[in-house]
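Contents: one structure, followed by commentary.
Chain nomenclature is as follows: A, B, C and D, assigned in order of appearance, with residue numbering initiated at 1 for each chain independently.
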């Protein structure tokens, strides 16, 4: 049985296209692995951008922090985070990977806070890390792929308690399924192997139209599995699980 | 240019309480930690910390009662150590105000200060609750009437930047990631560089294109070897995971944190 | 990244008539003259040339009927050869529109395009007749009501930049003065680099900090040795005063200029 | 008798202060010489900024164009023109050297155009080079020193035909005198040696209060003359005359 730490990055990599520019931010081991995987498999000309300001780095080892100097290795140029935000703001960033503590039916995310008494946002019940660049990137990148290593009704909520941002969400990759945004709402596109459709429904905070006829996420191929082992031999991505 | 070399103590003594302080680096990388620890030793308070994405630096300043506001897009240890507990409880308990940003909006505010204008239009927040929560306003393009968010200028009283090499004139070289450090330099009223190494400025003449920060924009230069530790400094040292792990374990209770502070910061010589 | 090497002819063929074209360099230095000459050979017309301070490049494009508007702060040969006669008469005769700028306002317009916003506030023109003449409008800070001039975005259809070294991916190194070239790259829809030298991109890995222009922002790379001549190219060649003196002497009458063009540009191989 | 090409740069240099930041733009040989002179004489810590993006260059020879790579020699850092405009815009540039084809009583300059029929600015009678950065720098730099190698009533006009910009004009240095702005208007501060006060009045387009008691510009000292020869041994500055 294929585990999430193997399937999720492979599914994320499959979504990437050759030649496009792809960005991930802080705290993004799975996007880091997925991008390197896609470059190795079907997207050698993909342009890999990240907060270190490198382009197409070739890390000697994968770091735990995705702002680590390891992701600057073998770059041939240096830009700033400002340059990457500008790129997105002027409509030239093809794909961004983002995540959310809460993700709702419309693809809105919450990375900011759970409001306190009476909806107080300045004295929140829970202060979350913050959306980093999400509120700038998600509405301006041509598309955003969300990912989350947990799929339950606390994470996938009908409506986020606080909307850090909405935006151009294309897909959401979870341990249970791939969701695709159609007419502004997230629908289940494929259910992962060995996952029961009833489980997807039960663990999602809004009604998802799934049954046994819902398409299945293709199993990882031998080539994909081998490439994943080569890209992340130390299983650094496991810190997300 | 005049000689700008000074001690860490003297440079930090010039930071007033309630100052707006921009810190260079990003998450666990090249943050000016020697200066952060000195801010704690000098019992500063009321600081508004400006950063795009912070970690240990912002967390410890919140825990030590130095910060009373944080203007940033992200505060956390990425996936390495979970939440920034000191920051989180300070905000939840109302001791620190979190001025929520989108990283890019911090950049926009710093750009406004750099350019001597009161605000900066920013293509962000189109679909966000943040502007309402923070009171960010829109402005209409006078040519097309198109509306866009306007970030008020963020003019740090001081920017503190850790660099690889600096000379006595304040020229600074940063290898690897620049993050938003140069923008912080131009936006701030006063600039402190802490440097791994002080070099003879003549060595910069061979490749002036490698100088990241121009000396005439800098006020003070401090020699601070390992001045980013426990954060990384590109090409010199990595993130000190053991140190941070120990720190993280001591942030679960105020008493443990006090002990940790007293052992690792208050009594330390810089 | 994909291979972006192409010929000068093919790169320039993609510039449409009536395009907004930003030219790198400043006055007599590192202007992309090989590309400018090719624009003339391909009989482009209706171009709006964007530049902070231009000289030979803008002058000859006005004389050859390629430019129909010039958005710049200064057009002249500094003290070296007096006025830019071709530009001057084209404007005085109504063949070219001079969109008067303060250099900084060109920068502001390019910044707006770079940042994906419709306008950029600029601290300029406080005491100037230029805004009235050019229709530049003010905008009020939504926080303080303070008024400041707003420059509409300048989004070049193409930016043409001459660099010292480029690789096939579009990474470019500029030694010495950068001028506003990097800003032109980020503001433009399409970017053409002409380069003194095409190098193996692997050579940039040793010092990525020296790469001025990141390849993913570039569309076409053209090998153009002496591509800034008769302008200077830092460290490689100086301004060609004899060439410019001869040119200048031929700008006093249309007939002389036609002869000069046919001899030095039209028949020349690039 | 001291000639203008000797006196003007020396007078300009005397106006500069140790430790301040001083900028000149395109077409500025005399400011270039004056700044280098001041650094040699009384202002070694003056910060010399120019369009090449250098700081405190030590040119091996003086160039005719003041954007020339020669002015990048021995710099220890590199900035852009954008950085210098920003510096001025945020109030941190101490002194700028600027000039004007026309300069009026209030220190306004015209570098733009002489309007055409009916005041037409789009079809001007004369198209001038343009103000370069003047309209941004002059209102924001802490002070501006204007210079001009010609002093006649066509240049020093009561009112400019087109105001490229006004601003924080401190002094104007001409072949005849030094003007100082007092309460918004330019007054003659000193008349150069060997210049008749009547000549100053006759060649200025507005009424200037000068007579034989008007202070005289001090003669160049031997030290100043020697320094000038060392700074500009090839008399490059003569192209301004």
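Couple of notes before you dig in:
One rule holds in what follows: contacts are C-beta pairs under 8 Å (C-beta built on N, C-alpha and C of every residue); 3 or more make two chains touch, one makes a residue touch a chain.
What you see is a predicted model; the values in this text were computed from it and never measured.
Shared contact partners of chain C and chain D, listed by label, are B. Between the CA-based centres of chain B and chain C the separation comes to 37 Å, rounded to the whole angstrom. Measuring from the averaged C-alpha position of chain B to that of chain D gives a distance of 40 Å.
Rounded to whole angstrom, the centroid-to-centroid distance between chain A and chain D, based on C-alpha atoms, equals 58 Å. Shared interface positions of chain A, defined as residues touching 2 or more other chains, are 54, 72, 78, 89-90, 140. Counting partners per residue, chain B has 115-117, 122-123, 176, 209 as the residues that reach two or more other chains. If touching chains are joined by edges, the resulting network of the protein chains shown has some other shape, matching none of path, cycle, star or complete graph. Every pair of chains meeting the contact definition is listed here: A-B, A-C, B-C, B-D, C-D.
By the touch rule above, chain C contacts chain A in their complex via residues 1-2, 113-117, 167, 169, 171, 186, 201-202, 204-205, 208-209, 211, 213-217. Chain contact summary for the complex, chain A toward chain C: residues 19, 21, 45, 47, 49, 54-56, 72, 74-79, 83, 86-91, 140. Residue ranges on chain C touching chain B, taken from their complex, read 112, 115-123, 137-144, 146, 148, 150, 152, 174-176, 207, 209-210, 212. The part of chain B that touches chain A in the complex is made up of residues 26-29, 52-53, 72-76, 78-80, 83-84, 87-88, 91-92, 94, 97-98, 100-105, 107, 122-130, 133, 176-180, 182-183, 232, 234-235, 238-239, 241. For chain D in complex with chain C, the touching residues are 26-27, 29, 51-54, 64-69, 72, 78, 80-82, 85, 89-90, 108, 112-113, 116, 121-127, 129-140, 162-167, 239-240.
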